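Chain nomenclature is as follows: A, B, C and D, assigned in order of appearance, with residue numbering initiated at 1 for each chain independently.
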Amino acid sequence: MIKVTIAGATGYTGGELIRLLINHPDIELKWLTSTSLVGDSISSVHRDLLGECSLKFTDEIGEPDALFLALGHGVSKEFLNKAAISSQCKVIDLGNDFRLDGKFGDESFAYGLSELFYEEISNSRLVANPGCFATAITLALAPLAEAGLLNNESHIHAITGSTGAGKSLGQTTHFSYREGNISIYKPFKHQHLAEIDNTLNRVSNSKIGNINMIPMKGDFTRGILASIYTEIDKEMDMESLIDLYSERYSASPFVHLSKEGISLKEVVNTNKALLHLERHGKYIHITSIIDNLLKGAAGQAVQNMNIMFGLPQDRALKLKGSAF
Amino acid sequence: MIKVTIAGATGYTGGELIRLLINHPDIELKWLTSTSLVGDSISSVHRDLLGECSLKFTDEIGEPDALFLALGHGVSKEFLNKAAISSQCKVIDLGNDFRLDGKFGDESFAYGLSELFYEEISNSRLVANPGCFATAITLALAPLAEAGLLNNESHIHAITGSTGAGKSLGQTTHFSYREGNISIYKPFKHQHLAEIDNTLNRVSNSKIGNINMIPMKGDFTRGILASIYTEIDKEMDMESLIDLYSERYSASPFVHLSKEGISLKEVVNTNKALLHLERHGKYIHITSIIDNLLKGAAGQAVQNMNIMFGLPQDRALKLKGSAF
Amino acid sequence: MIKVTIAGATGYTGGELIRLLINHPDIELKWLTSTSLVGDSISSVHRDLLGECSLKFTDEIGEPDALFLALGHGVSKEFLNKAAISSQCKVIDLGNDFRLDGKFGDESFAYGLSELFYEEISNSRLVANPGCFATAITLALAPLAEAGLLNNESHIHAITGSTGAGKSLGQTTHFSYREGNISIYKPFKHQHLAEIDNTLNRVSNSKIGNINMIPMKGDFTRGILASIYTEIDKEMDMESLIDLYSERYSASPFVHLSKEGISLKEVVNTNKALLHLERHGKYIHITSIIDNLLKGAAGQAVQNMNIMFGLPQDRALKLKGSAF
Amino acid sequence: MIKVTIAGATGYTGGELIRLLINHPDIELKWLTSTSLVGDSISSVHRDLLGECSLKFTDEIGEPDALFLALGHGVSKEFLNKAAISSQCKVIDLGNDFRLDGKFGDESFAYGLSELFYEEISNSRLVANPGCFATAITLALAPLAEAGLLNNESHIHAITGSTGAGKSLGQTTHFSYREGNISIYKPFKHQHLAEIDNTLNRVSNSKIGNINMIPMKGDFTRGILASIYTEIDKEMDMESLIDLYSERYSASPFVHLSKEGISLKEVVNTNKALLHLERHGKYIHITSIIDNLLKGAAGQAVQNMNIMFGLPQDRALKLKGSAF
């Protein structure tokens, strides 16, 4: 059994990691850390886990074989520097500390977009889990980038649920404000843009075009829908495009191409990413949907852990979607 | 023109008062107070008022003819004791300081349930505006109480929207928590129970039965639906009951009896209260719906102001419902 | 491997059965029937199953070891009379045809409230799965009934999500109507009342009190929250009550007692039922929550199938809740 | 008093017209037509109007001074050809029959985008009310077009509420589907594109760039948020742009420029349009919000009627927003 610590187990992604790992047959969930709630039962915070998890929050990191960091952005590096963790312990960081520059001492964090960097992840002790927008958008554009077709600007609007903003209280996550409301934030300058640009240039053999991204806040809790279009060579007809994407993701249990238009709830509460392609004149239009907390965070983290330990990548990730 | 001050103009009820009063033809909205935002424009807080209201928050009470107190519960009495207000200024308190015991120096606050105490309100300088649950439930039961038919226990569940909890941030008004969620709070001991009991006993010639009330928190922003049943004399058939209620509210522009079943949105963004009656065996079942911020707060406050100043009670209150 | 047929696989409960059974290790899902969509892929209807289920709808019942009937109320009996099914095939009916009177030829349907009739279910070939409201309310009141404490009237309001009304289109499930709306339907006369009354009298050694139930339609998709109170003997203090309930459900992996107040989403997308008890004067107040499509339908059906086949009752039912 | 007929008064826009016109001091609402519900009370369909409107549906057009056509797209022309209406009667068509080609016999329909064609509307007997997306997007881009700055492609995503799809039942307006869901429809080919292109070219002195528009379906009932960017001359700095827009709409009671970012609910249940501008590199980014049923339909129709009759254009349109 793989002994697991989740550092920062009180937040949304921490909670999702627990929900996934209590049903993972190869895992023993042992240490769930919190700074403020040491000694409290897990279900006092994650109330839906009543009857399913009898652990308590601790301030010990313990002696894990795998360590998940769900600490909030900018905290992981400091944590790792201070913490006394075995040099054998595999680490998956869900923050953004190591996504752009993976250097950590003599080692490096692999960028954990499971479908693009499977080999590298499987050989790494350290993995930086991608951001949620970055996951949805990079999966949608990577086949084009790899084929050298992503030379023009991409035009993206991507709408996210409230859980993307985490658990802390704020005016824009107040129910009375958010319900029935839609807004735009950080247009053209979301922090995931660098991540997306980085990855797509890495998999492309030529410089990719500029990525324009307008993030939107939706009045739902879970999920990201990204709507993307970019101009591509007229010779790439729909059939060729569908072949390109189908082949690219044929080995993935989680990424699928839909012939029909897709809607966000088709992936909510699953680790899947669904893509839909259409050609409109000079543009290819791609719709990409994920659950921001699963394929966009905790689910992909567990997927990466599975890969790092040589387990089937969908172990404990065949989830019943909520569908409605 | 009646010069108006709203003390506490930054909250939800303060905002609703502004939205109503900027379109009131007999009113000049002059002083909108805030402790923390003095000098800021009204629309910086109530963003939907951009282009409709160019006032700024002030810390002056001014010299109003009418003063609305939207200060939060327990603050009004202290405010009035300190504030230098003309003894001619009419005061409508939207807090709960004077609802149960209206005494204030030598004067008394009238209880501002407009349909029950019209005469008293019209002759009062001081009015305590009822609570939202109290309004929905008391309107539903008052005709029975007045007819001496409310001798048995009442069984009530009443569900409220998130705006009932005000603007302050908290776990149960976080969108990620509240969306798609339902919960119960303060069963059998909501603070409005005393208010309801007080009023119904006052209008009844006999001791009324016990009021059992379970408040519920709904996943919507506006409105209260109260579902009430109580055992009544078998001789009161439906026809007699409908006559009783129809006559009771025949003079009201806002309270109506629906022959068909009703749903909450039929009153949202209006000052109306709709009632629906059915008999089931020994019980009469009453559904009562209001908008908690309007008939349950700011709307009724303006209705009371109209009555106090001898204006038609629906002045500035013929509102377009949102309907959807 | 247990070969399974789902008759009526296009509806909401049919879809949920598929979502559960594709991950059941002892099951081979073979025949999914539809009258109108024969030959279409499952994922053309249940779009979230893209990449997870490659079966097609058929009009063949096949030769199943277990047959789930998800046909709509009043259709199951006729279906069974016509269908050529082996007399060995175990049948779980999710309609209401056999809930009150389980007789079918020489055999009888067991009433499939798993926690109350485990033995009977495990020995039955035929099981009638309970209604969703019936499940939530009966689980809440059964310990009192069994202890002979349910002699007084019960006062119940129970709010349900839109999926309770099924897939067919109607005015009250139109999004523009339902969003932000609350209404009451069938007060005092919901069809599940007879089922509840029947079961509680059966487990009680004395005649139980009258059950008053007001169903409410909520503006969410999944879940039922029932709020119940009834007068009980003053000698039963909270400690005794908590002991009573805790012991009653100590063997169940799905029914748990919460010391803290509960909210609906704590069970959404799981097969759990959570109960919370409080005493208020002469009344005990019970809150009971389930997911109407899982513990209230498809989940309990699979639980019953597990029991009927001697499998652990939580096989394929350790579901990750959606939580948010 | 202006006598008014609404042809097609049972739908969403018909209902909104009634809600607006019952409070219009210069209007007498006389004939509300329906084909199927003749004789039924208005409030039997528009249930929120109970106590506010005692009219009944009729099949008579009557002898109106103003006729609103809320008949559904493609029906208005046929209706006008058949109907015996006085040649003095002013007509406002809310369908799309006359938006692109306004010819009707010897006369022409003016295109009723009130802020752009005020003079023409005020001199017309016939007005074609714009589409909802067209209103939101054209108001956002018209100042650029008029200034000859709209020469490059525009990139638009615009999300709409469920009421945009009307009252008829369908899978994508079923609550169980729509709640918490987001989808894309008719990318690059929404029927309003021609309308937008037409209008912008008309007000521009040079050929405008191509308009790329991705419509999205949101999980809310009311409102459209359009997010638009286009490349403009670097010499146009923010200050110049803000001046351009502020001046353009300085005379309008409904169109306002917000310095702060905006969110959809700031206009819900009002006739306002709010715009927000930002410059990001070579692009200007514009957010535009309206209530699709008001400024996007019934509200603008009443605004146009006011203009046609020489009344203040905001008569009966100073609406209390729902805000929450």
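General remarks:
Methods note: a residue touches a chain if its C-beta (ideal position, glycine included) is under 8 Å from a C-beta of that chain, and two chains touch if they have at least 3 such contacts.
Being a predicted model, the structure only gives us computed values, none of them experimental.
Taking the mean of C-alpha positions as each chain's centre, the chain lying farthest from the centre of subunit A is B. Interface comparison, C-D versus A-C: the higher number of contacting C-beta pairs is recorded for A-C.
A straight line joining the Cα centres of subunit A and subunit D is 40 Å long.
Subunit D has its Cα centroid 46 Å from the Cα centroid of subunit C. Between subunit A and subunit C, the centres computed from C-alpha atoms are 34 Å apart.
Counting partner chains per residue, subunit B has residues 12, 161-163, 176-177, 179-180, 219-222, 262-263, 265, 268, 324 touching two or more of them. Taken together, the subunit A residues at the contact with subunit C in this complex read 12, 15-16, 19-20, 22-23, 44, 46-48, 50-52, 162-163, 179-180, 221-222, 253-254, 256, 258, 260, 262-263, 265-270, 272, 274, 293, 318-324.
If you check the complex, the residues on subunit C that touch subunit D are 12, 161-163, 167, 169-171, 173-180, 219-221. Contact residues on subunit A toward subunit D in their complex (touch as defined above): 155, 157, 159, 161, 176-177, 179-185, 187-189, 212, 214, 216, 218-223, 225, 227, 229, 261-265, 268, 278, 280-281, 283, 285, 287, 324.
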